[in-house]
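Here come two complexes built around chain A, the first alongside chain B, the second alongside chain C.
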Partner chain A sequence: MKVAIDSVDTLGFEKSSDFSLSELACKSIINILKKTKIEKQEVDGLIVSTCSNEQYLGNIISEMVGLNPKISTKLENLCNSGTSAIFLGYSLIASGICNSIIITGIEKQYSPGNQLLWDITRGVYDLPVHWAALFAKAHFRNFNTCDEDLALISEKNHKNANKNPNALFYNKVFRFDDIIKSKKIVDPLKILDCCYPCEGCSSLLLVSEKLAKRSENPIWIKGISQNNQGASFANISFDLRSIASTRIASREAFKQAKLKPSDIDIAELHDAFTILEVLAYEDIGFTEKGQGSKFVKQERLYTNTRGGLLGCGHPVGATGIDQTNEIVLQLQDKAPSIRQRKNCTRGLIHNMAAAGTSSTIIIVEK
Partner chain B sequence: MNLKEKIFEKIENGTFLSTFCPKCKKHMWPPSNNCKECFTTTGLKDIYNEGILLEKSYSHIVGQQGYFGIGDFSGIRIIGKLESNIEIDEIILISKVKTNNNNKILVEFKKIDN
Partner chain C sequence: MKVAIDSVDTLGFEKSSDFSLSELACKSIINILKKTKIEKQEVDGLIVSTCSNEQYLGNIISEMVGLNPKISTKLENLCNSGTSAIFLGYSLIASGICNSIIITGIEKQYSPGNQLLWDITRGVYDLPVHWAALFAKAHFRNFNTCDEDLALISEKNHKNANKNPNALFYNKVFRFDDIIKSKKIVDPLKILDCCYPCEGCSSLLLVSEKLAKRSENPIWIKGISQNNQGASFANISFDLRSIASTRIASREAFKQAKLKPSDIDIAELHDAFTILEVLAYEDIGFTEKGQGSKFVKQERLYTNTRGGLLGCGHPVGATGIDQTNEIVLQLQDKAPSIRQRKNCTRGLIHNMAAAGTSSTIIIVEK
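Presenting the complex of A and B:
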């Protein structure tokens, strides 16, 4: 059974507000219900993506907006939460259990999702920037990638964020020199190679093929896959030149979609750290292994047009949904005109968690 | 006492242990009560303290300044502090191990003396 994305909504990402998680979610869900032609009573699923420890958020939010769905639940998969929620929603509709599911992602800046405490293989180096730096060092050593290559990615994504009023860094201009000279965190990564945890909320509405007949501009999920390699850095560190979960999820998603990387016009790639965008180009198959730093200069693909995690900020539970929302808006020709790209038919969303132990790939088409 | 607590207690007494499957003859790290290959109940065994440096970097983060890297010790991989700027693929030894107040394992690696 086919599944489409009917409508999307994003609240502005910011450092913090006085709103609670459920209040943020309600605002965004109401926006979705105002945008869609699907009636509130027809919504038979609500999946809340968050790393918050707050209890029973699915049912609390259902009650606050007056939903009585078949399934109302909270889902956590660290940075990959939002795309995992879409995966679950897709599966429930594709199997015929549900017809219409709202996926909403919410996070506060100081989320338990910003750090994985369980992984003792990281020793005392438990901040994510340490594993990211080890990936970067391996890429530099094996493929001659350099600081300037990473700075180009940060510059591109921050420039894109300057065209996205919902982005945390919408009003902040970072030039190439600012990035290269920014504060060193863990070599070779500097502060402007790293995303910033923030508050945010993004939602979307998934519908069945039957309900999609009432959608103005349905965007179809053609392929969706996830791969999980465990949770510890030890599990994936035997080869730091690549992220295996991304490679496996990509291969499966392209197979489902009967497409290849060159068929994709626009992609949202997980850039919590600049090096991860380089690895994503290679592991998804947009370019050969080791050529990621050259690929960014070739401009063969629109990437991270909303500003990526680097420019938008990273509200952990909302990120995967906001990445998807951007691709939907671009394919619907509904992105703000300043950042609307022309002639996009097919898009890809890549999201991942915890040193690449988990990755999701979604391929969509208009 | 759970497995992690047992391992932490041993570290405080100066011994660095991991779980070990007697059937597969393999260490498990992070520790687990059962072998993930054959499900046999594991025991605790000393981590072989001679390994190889897989990758390294330098942290500028306050409190963590200095070289650090990931080492492989007979299949167990852990990130630790480097005593000096050791080269990748060099043989290293676990020279120090202790736990800190944040419930983390602080490991130090040094270059093997020839």
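Presenting the complex of A and C:
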């Protein structure tokens, strides 16, 4: 059975607010219910994506908003949480069990998830920037990628964020020179090669084909795939030139959608670090392996138009949902006019977690 | 598409061990892989059910066991977590996305979840025994149920646990007199009306119709339904004679299975407190409303043959899976001979969370 995205909502990402996790989710879900023609009583599922340990959030949020869903639960899959929630929501509709499911991702800045303490193969180098730096070094060594290539990505995404009022860095301008001269964190990555963990909430409403008849601009999920390679960096680092989970998930999602990378007009790519966007270009197949640093200068494919994780900030449980929301808005021609791209028919969302140990790819079409 | 349970495994429930959450899960999953004819490489999903906040457990456990699943995630839905995980696994297979999914539930005794701190409507009466006592009082008042009726349930389930080597209270005999004279906790409930939070791990393997051809004794899921009424006791306590979420989930599961309560030979009922088993008899429809206390003496339907939560202990994230495992073993004629019941064709699993704010019903058939 076909599955569509009916409506999306994002609250402004910020460092922190006085609102609780469940209050943030309620605000966003109420916005969704205002935007859609689906009635509150028709919503038969709620999946909450977060790295927080607050218990029973699916039911707490259901009660606060006034939903009585068939299924209500909370899930966690680190940075891949939001897209995992969309995947499970997709399966609940595709199987005919549910007709309309709200997916909401919420995070406070203090939520856990910035270190995977389990992975002792990383030794004391256990922050994400450590593995990202290894990927960057390998790309520099193998393909002559350089600091300037990465700075171009940061510049592009920050510029896009200046057109996104929901982005953490909406009002902050980072020029190429600021980026290239920013403080080095782990060679070769500088602080402006890295995203900023923050607070945020993004929600979307998935509907069945039947309910999608009432949607003004349903955006159809044509392909959705996740791949899990493991959890430790040591286990996936046999080839630092590529993220295997992204390669495999992309191949499967394109096969399901019966499409190829050149069919995609716009993509949200997981850029927790600049180097990851370079790898995503290559591993999804938008360009050849090794050509990623050149691809940043191309103009055919729109990338990270909301500002990416670099410009928007990274509220872990919400990120995958907000990436999806941007593609939906662009395909619906509902993005703010200052950043609306023209003639977008097909979009792709790429999200991943923990050194690329898992990746999710979603391909959508209007 | 049809979904079957291929294999089940349970580790002995105990107060605590030196094993970590992920080590417990690995032991149990390895047992599953020994029992099934499905190859490790064919397992394309892993859902971990737990109230623990350890991050990325889906992927960590996948790596430790050597799985490369399409989808891997961790979910939490309080006491209803295990059955929520089975529900999501069911939808992933019914939608055709996956062919074989391992569901594993793990809990350490120190996991959070014994108090729902969010529910301030409970005031200082925020432990589960407080709401359970209100349900008991209401049943006593409306239907002349009495201490002795509840003690009979505790006695039956503890006796069953004495035939289950995995049960926390396998070696501990509680006679009717011990139970009726046990310490009063919150009137009218005594300590032996209450289950004991403990450590435990239970796993099962769900398979598609195609893979089930290789199962020796596939047990088919004929009906599966969850209902969520909210999260706070105040919101669901307008009628203390009944658990609405159980009533609604049962009605829908029986409708999907095209069966009625009298078709069921054996049932696992959520008995975190004795009174909940009485309510389950009535709300599922095994007997009329108000007749639950008499139903305990009937012999047609086998109930809580593994010992229930009262006899087995209650490792929150594992309980719903272990309930399902018992029904599967009984239908497969694979329960230890001392507790194997004869001629069971159809079974039912009832699980719930937090004052009955949510319930799940699964109906299976051999």
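Everything that follows uses one rule, which is that the second predicted complex is superposed on the first by the 366 of 366 C-alpha atoms of A that agree within 3 Å, B and C clash if a C-alpha of one lies under 4 Å from a C-alpha of the other, contacts with A are read in each partner's own complex, and residues count from 1 in each chain.
Here, contacts are C-beta pairs under 8 Å (C-beta built on N, C-alpha and C of every residue); 3 or more make two chains touch, one makes a residue touch a chain.
Since the structure is predicted, the reported quantities are computational estimates derived from the model, not experimental observations.
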First, second, both or neither for A:71, with chain B first and chain C second: second
Partner chain in contact with A:232 - chain B first, chain C second, else both or neither: both
First, second, both or neither for A:87, with chain B first and chain C second: second
Partner chain(s) touched by A:120 [first = chain B, second = chain C, both, neither]: first
Contacts of A:208 with chain B and chain C, given as first, second, both or neither: neither
Which of chain B and chain C A:130 touches, first, second, both or neither: first
Contact residues common to both interfaces of chain A (with chain B and with chain C): 118, 232
Residues of chain C defined as touching chain A within the complex: 1, 22, 46, 51, 53-56, 58-60, 62-63, 67-78, 81, 84, 87-88, 90-92, 94-97, 112-113, 116, 118, 225-232, 235, 252, 353-354, 357-358
Contact set on chain A toward chain B in their complex: 117-127, 129-131, 133-134, 136-138, 141, 183-188, 232-234, 237-238, 240
Touch list for chain B against partner chain A, complex: 4, 29-30, 54-61, 64, 68-70, 72, 76-81, 88, 100, 102-107
